[in-house]
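In what follows, a single structure is set out as structure tokens and then discussed.
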Amino acid sequence: MIKSDIIAQANDAASAKLNADYDQLGAHLDRRGIDIAAIKTKVAKYGVAVPSWGVGTGGTRFARFPGAGEPRHVFDKLDDCGVIQQLTRATPSVSLHIPWDTQPAADLNSKAEEVGLVFDTMNSNTFQDQLDQEHSYKFGSLSHTDAATRQQAVDHNIACIELGQAIGSKALTIWVGDGSNFPGQTNFTRQFERYLDAAKQVYTALPDDWTLLTEHKMYEPAFYSTVVQDWGTNLLIAQQMGDKAKCLVDLGHHAPNVNIEMIVARLTQFGKLGGFHFNDSKYGDDDLDTGSIDPYRLFLVFNELVEAESNPDFNPMHMLDQSHNVTDPIESLMVSATEVQRAYAQALLVDRTALEGFQDTNDALMATTTLKHGFRTDVEPILAMARFESGGAIDPVAAYRASGYRAKVASERPAVSGVGGGIV
Amino acid sequence: MIKSDIIAQANDAASAKLNADYDQLGAHLDRRGIDIAAIKTKVAKYGVAVPSWGVGTGGTRFARFPGAGEPRHVFDKLDDCGVIQQLTRATPSVSLHIPWDTQPAADLNSKAEEVGLVFDTMNSNTFQDQLDQEHSYKFGSLSHTDAATRQQAVDHNIACIELGQAIGSKALTIWVGDGSNFPGQTNFTRQFERYLDAAKQVYTALPDDWTLLTEHKMYEPAFYSTVVQDWGTNLLIAQQMGDKAKCLVDLGHHAPNVNIEMIVARLTQFGKLGGFHFNDSKYGDDDLDTGSIDPYRLFLVFNELVEAESNPDFNPMHMLDQSHNVTDPIESLMVSATEVQRAYAQALLVDRTALEGFQDTNDALMATTTLKHGFRTDVEPILAMARFESGGAIDPVAAYRASGYRAKVASERPAVSGVGGGIV
Amino acid sequence: MIKSDIIAQANDAASAKLNADYDQLGAHLDRRGIDIAAIKTKVAKYGVAVPSWGVGTGGTRFARFPGAGEPRHVFDKLDDCGVIQQLTRATPSVSLHIPWDTQPAADLNSKAEEVGLVFDTMNSNTFQDQLDQEHSYKFGSLSHTDAATRQQAVDHNIACIELGQAIGSKALTIWVGDGSNFPGQTNFTRQFERYLDAAKQVYTALPDDWTLLTEHKMYEPAFYSTVVQDWGTNLLIAQQMGDKAKCLVDLGHHAPNVNIEMIVARLTQFGKLGGFHFNDSKYGDDDLDTGSIDPYRLFLVFNELVEAESNPDFNPMHMLDQSHNVTDPIESLMVSATEVQRAYAQALLVDRTALEGFQDTNDALMATTTLKHGFRTDVEPILAMARFESGGAIDPVAAYRASGYRAKVASERPAVSGVGGGIV
Amino acid sequence: MIKSDIIAQANDAASAKLNADYDQLGAHLDRRGIDIAAIKTKVAKYGVAVPSWGVGTGGTRFARFPGAGEPRHVFDKLDDCGVIQQLTRATPSVSLHIPWDTQPAADLNSKAEEVGLVFDTMNSNTFQDQLDQEHSYKFGSLSHTDAATRQQAVDHNIACIELGQAIGSKALTIWVGDGSNFPGQTNFTRQFERYLDAAKQVYTALPDDWTLLTEHKMYEPAFYSTVVQDWGTNLLIAQQMGDKAKCLVDLGHHAPNVNIEMIVARLTQFGKLGGFHFNDSKYGDDDLDTGSIDPYRLFLVFNELVEAESNPDFNPMHMLDQSHNVTDPIESLMVSATEVQRAYAQALLVDRTALEGFQDTNDALMATTTLKHGFRTDVEPILAMARFESGGAIDPVAAYRASGYRAKVASERPAVSGVGGGIV
């Protein structure tokens, strides 16, 4: 954790400017008939989960270049996540990946309490082999042709649920790498039948108040076909499982040019939108920082979410899921959490009565202008004020850099070599 | 129609070479344990429908360059389609587009009988305005915000069914251009609700032995969102409608890189594959000649179809749907019908027992090699012999060129100007 | 033209709010060390050309749905363009398309003077056939296999230059639809040799103070290959021609996911960036309104332009090139001109000294944050004030709608039928 | 190496069938006016290089699942490559990657002679950090902002040349991962200037009879921009360097839908095509087995190469570059070498005189049919006979499996753990 006087000191230097900006934005919004305080209240309540693995430096199949102070285990990760929440007040929960983060529940709970966090969705891992593992996932997990391998994957997912129950989680997210690299390598139909059979076993083990989230992805690690390749297949899974099963949308998992906000709308309409993995992408599953490439697309997703939030049953889970290859992961996660909040705040500014009127009369130009009016408003003062009033930092990155946190953990945690293998 | 002695003469010149090729292929297949005659019998029974509009020269939004002898009306079109069937023996049916092809049923039936064809799926058109039309489809048809416009679109579809009943059709295909060009122009959810309500009215009017086929397409004419943008939405429609509703797959209507054969497998598995529009594409909905760009992809689609054909209830409709901008449409349709047959024949050659074995043991290399073995076999002698024995031409294009048909209709049908407007 | 009292009246209603917004933005920018007046001055000097064909309703290959008051000829078009400039003060010039806009130079000059416009780049058309044309462009123009057809295309381009000289234009833009729809239809190398030979004839006829702009496009109207498919080929053309030849970048003409701002940088670095066609796209050459789909991408392009503008020789031409299918074209062009200005203003706000520092130290997070800081600033008050002070409208769309211009021209210009042909 | 009696035994079992197939194909080709022996001679002379790293099991950023008998070092790799050449007679050379394969030249030469191979292109590696490395490539290599890092990368490339000279190589291939993950992270122009400066130092060190090959790639490991992103930038590099610099085309390194064969034609036309990395892809840089996804595209590339091979100066380098994640790498490389030969043989069958005639008269249908006629011919008997007559295996995979080579090396080489890190 960062000493509170460091945050206070940083805020002192920035608060005069923030107050001026906030007051002026308030006056401007007032001229548009919008109450800035009401927006700020909603923003302050909004939170996005941080993935435990996100605080380590990511990489590609070509190389990984670790930074200083890489977390050694889940407790280091929780320390880092605690800093993110401390400074942004936007990331109250952490999502664990099993078995990477497997530790006794009591220890996890105790550490989480120490750093002021709770646990979000559990994530299973059947796309890698572990040292003590009997059956390899080289050719699949839940959809493997071999029954024992499928059972091993089912058991692992059930173990994730069990640990999750002990630490207060309420959802399991399943993403599998199962697929094929060659036409003919697998029979699409029989493979999907096996997947559904295995997933049903996991679903059966799900507590009543839990949600099963399945995640689609177009390709990678499989490069010809993937068993849950798109939202169509994901929808079929959720339909086959039952009411507790819903679809998770990762913004980077779609074919080029696909209209993602429309998928969000469709899943919402049919009660099957379960949650998000936020990130950004220019080419594929790039796992770039949320909002860094196409911030308007992120806004359009939040436009759908704000549309739907009047429905009390609508409560998808929000999580960041990024790979930080060239930045300090803590900084990237703080900025990304802010970007998610920004899109939410901008979507809240849209005049929905006017928008609906323009839609009904097919006034396309005014409809899109109405939407854009929300997007182009600079809501940074709202976000900063919400952080400030909740005890966070007006400028999280500046406060973090001032704190010397990275240098401190670098001195405590041993350096990691990034020397890679021979994969090209 | 083309005089039979012209065909006979062309065949005489080619039959010696064909016989040699066929015998040698038969001997080769025999060494692989395959009975060439059995394959030929299946190929001879296979037919793909021709679209009435396909015999006219197509164009782009930039220009259209008509050829000589453009058909003036549905009767000219049926003449041209008759020639295609006469020479290829692979296209026994024609699919009409309404209102372009609207004529008294008796006249249509009589002409069809004359040229040796029957009628396939009916196609409605609510993506263009007609001269006598009360409400414009500029902002949508089945999903329009205006109830009267939706009703007009519903009524038009029902009229298509009624005409179809009088000419022996058993299916209606609906494709709408409804969508939006701007974010915010339409509310995705309310638009889709309107679509579903209207489509249900059409579905209700459907005779018991008919199928309703809905067609998805990623974009164009709408360039930001389209109401039936992908197979996920298409599946939802078919589910909402009922058992008589199924999904139509046009090979050119997907996002870049999408694995189409997998979509075919998924829809088949859940009983919702209704039919195909065959064509090829390199960039978007290019409507290029089937098999001209990626013949292996076409083969992989047929691999799924052959996999499924043991199920007696599996009977999707097959149609060509192409835009012939630089070729004689009759020639392109003949070659394309042959390409579809070719993919079917190649898929029939695959050793499915061996394939299943390699799949079960995750022998990816031998599985894909087994598939490729079917694809790389040159089955032209089988196709040509099937045509020859059914009274068609060994080389349809050569026979067609020898017949002088194009010059003849060019002298009968007035020249059409291609001078375009100012659309850029 | 619109009566000035209507504009004045609309501005009166909006000026108090604008003054407040402008003052507050000024104060905010002052806190960031930026002089708002200096930005406003640059914005006020900035202009983007309007294409004459842009004021007509566009369409797709499926249909065109004309609006009321479609311009009948170039003089109507110039009237409409005059209104755009009158209200936005951002579009001082018009780009003509020949032969659509062919009229005596004196008449064009006189009309332009009347509506307060000058002429930008000339555009030739060899992608359509004209009524009086000897050779068809069905199979190409500058790269056609037939020498006489190539010569006809060369002559047409030279005629465009001649008319352009008489009306004050200084550049010719060539875009050809030449390409192929089938593998093998054309020999890539020989086709490009023919293109280069023909283009050199046009280049030779170019006055010394003119620029030849060639435009690349990935596909459409040709759907397998296009002779100038990307900036690589476009660069080769400009290199082969000479110093007066440069490349034109249309934002919608690239492969999916391509980094367009990087192409802008490369062409700039090697002195070959000639100009832009601004628009937006989600799927292909959608010709949607500039900034309507991905406003950050537009900003990133202007970031490159602002980087380069310190070079006195850097002076690319800026033009809108859009297809307005569902909006009033005048409104879309006004909003788009504003979006281009917006991106320019936002790019001007970037602290380039800080940015360069972060780049040099590989501080990726702060570098991208610095860029985003410019983008997320709401510069609308700067744009509105620049318009207002130049005699334009604070809110151009509102003033335009208040003026009743569309109804007036609808009463003067006959209605146009959108009933389409049978292209599918 | 595999004992020759095992190969002989496998061939004995297959030769009767091969003789029958070869004779029949010969008769068929004779009817088409083609001399099968001449084709076979050309095929027998054709060779494609194998990459040393290709014989290890590849992986993704998510996981790597090693197989049995993974090579431990370059000598094991050369053993494996020797087997590939022994059985296929199509892969006479190996391309080394430095520093992975760094060993004394004498040892490399001696081992190569032992296994019957020579050395192809040298490959440098500045996309990973090595243990003894002073400066990290995390933020770039040849284009790094830091001069010392650039110099380190230059020196490494020069060291590759020096080793290459000692083992008979004649070319250096440079691919860098340099780029950026965030807009603004790097200045495109200054980064490319640094790249060009550094590359020129390498070029200066190049012996007169060497070629410098630079490789473009759209994205990955950098996910927003890459310094050599496409063939346009690659061409600029080759132009800036000089005559010994040429462009390398990896089939998987392009944007979706890009027409690769056209790029091959353009680079050939301007004397800048230096070589190929063959593989296949469905989504991105998938590095799938050559010809496994789109064999017609591979054929179209070879169609361009056969077009150009009449030019005596045309001599691009051919190499496989794949990642074998789920197959035995030796098997995949053997099959891929065969697929490259197959495309070459099919392209040799095209009647180029007829093709040129159809192109000149714009007979698109017959032109593309002429091309397809080559493609759809099953040339397997030619390939098999060429192998057989050169001492290779009629069916390389069957012979390899019969040999027990994999089990043998698995017993000699220690098992490798695939337990991965925490990169997601």
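Chains here go by letter, A, B, C and D, matching the order in which they are written, and residues are numbered from 1 within each.
The rule is simple: a residue touches a chain if its C-beta (ideal position, glycine included) is under 8 Å from a C-beta of that chain, and two chains touch if they have at least 3 such contacts.
Source: prediction; values computed, not measured.
Student: Would you indicate which option in B-C, B-D or C-D repeats the interface seen between A-C, with over half of the contact pairs matching by residue number?
Tutor: B-D
Student: If we define chain centres by averaging CA atoms, which chain lands farthest from chain C? Would you check?
Tutor: Checked the centroid distances; the maximum from chain C is D.
Student: Averaging over Cα atoms per chain, report the distance between chain A and chain D in Å.
Tutor: The separation of the two C-alpha centroids amounts to 39 Å.
Student: In whole angstrom, what separates the CA-based centres of chain A and chain B?
Tutor: Chain A and chain B have C-alpha centres separated by 42 Å.
Student: Among the residues of chain D, pick out those that touch two or more other chains and give their numbers.
Tutor: In chain D, residues 138-139, 180-183, 185, 218-219, 224, 256-257, 259, 282-283, 289, 292-293, 296, 326-327, 362, 364-365, 368, 372 touch at least two other chains, as defined above.
Student: Chain contact graph: line, ring, star, complete or other?
Tutor: Chain contacts: complete, every pair touches.
Student: Considering the complex alone, what residue numbers of chain B touch chain D?
Tutor: 17, 20-21, 24, 27-28, 31, 256-257, 259, 282-283, 289, 292-297, 326-328, 331-332, 335, 342, 362, 364-366, 368-369, 372, 375-378, 380, 397
Student: Looking at the complex, which residues from chain C come into contact with chain B?
Tutor: Chain C residues touching chain B: 51, 53, 56, 58-65, 97, 100, 127-131, 136-139, 177, 180-183, 185, 218-221, 223-224, 256, 281-284, 286-289, 292-293, 321, 323, 325-327, 417-424.
Student: For chain D, which residues are in contact with chain C within the complex?
Tutor: 138-139, 145, 180-190, 192-193, 218-219, 224-225, 229-233, 235-236, 254-259, 261-263, 265-266, 268-270, 296, 300, 303-304, 307, 355-356, 358-362, 364-365, 367-368, 370-372
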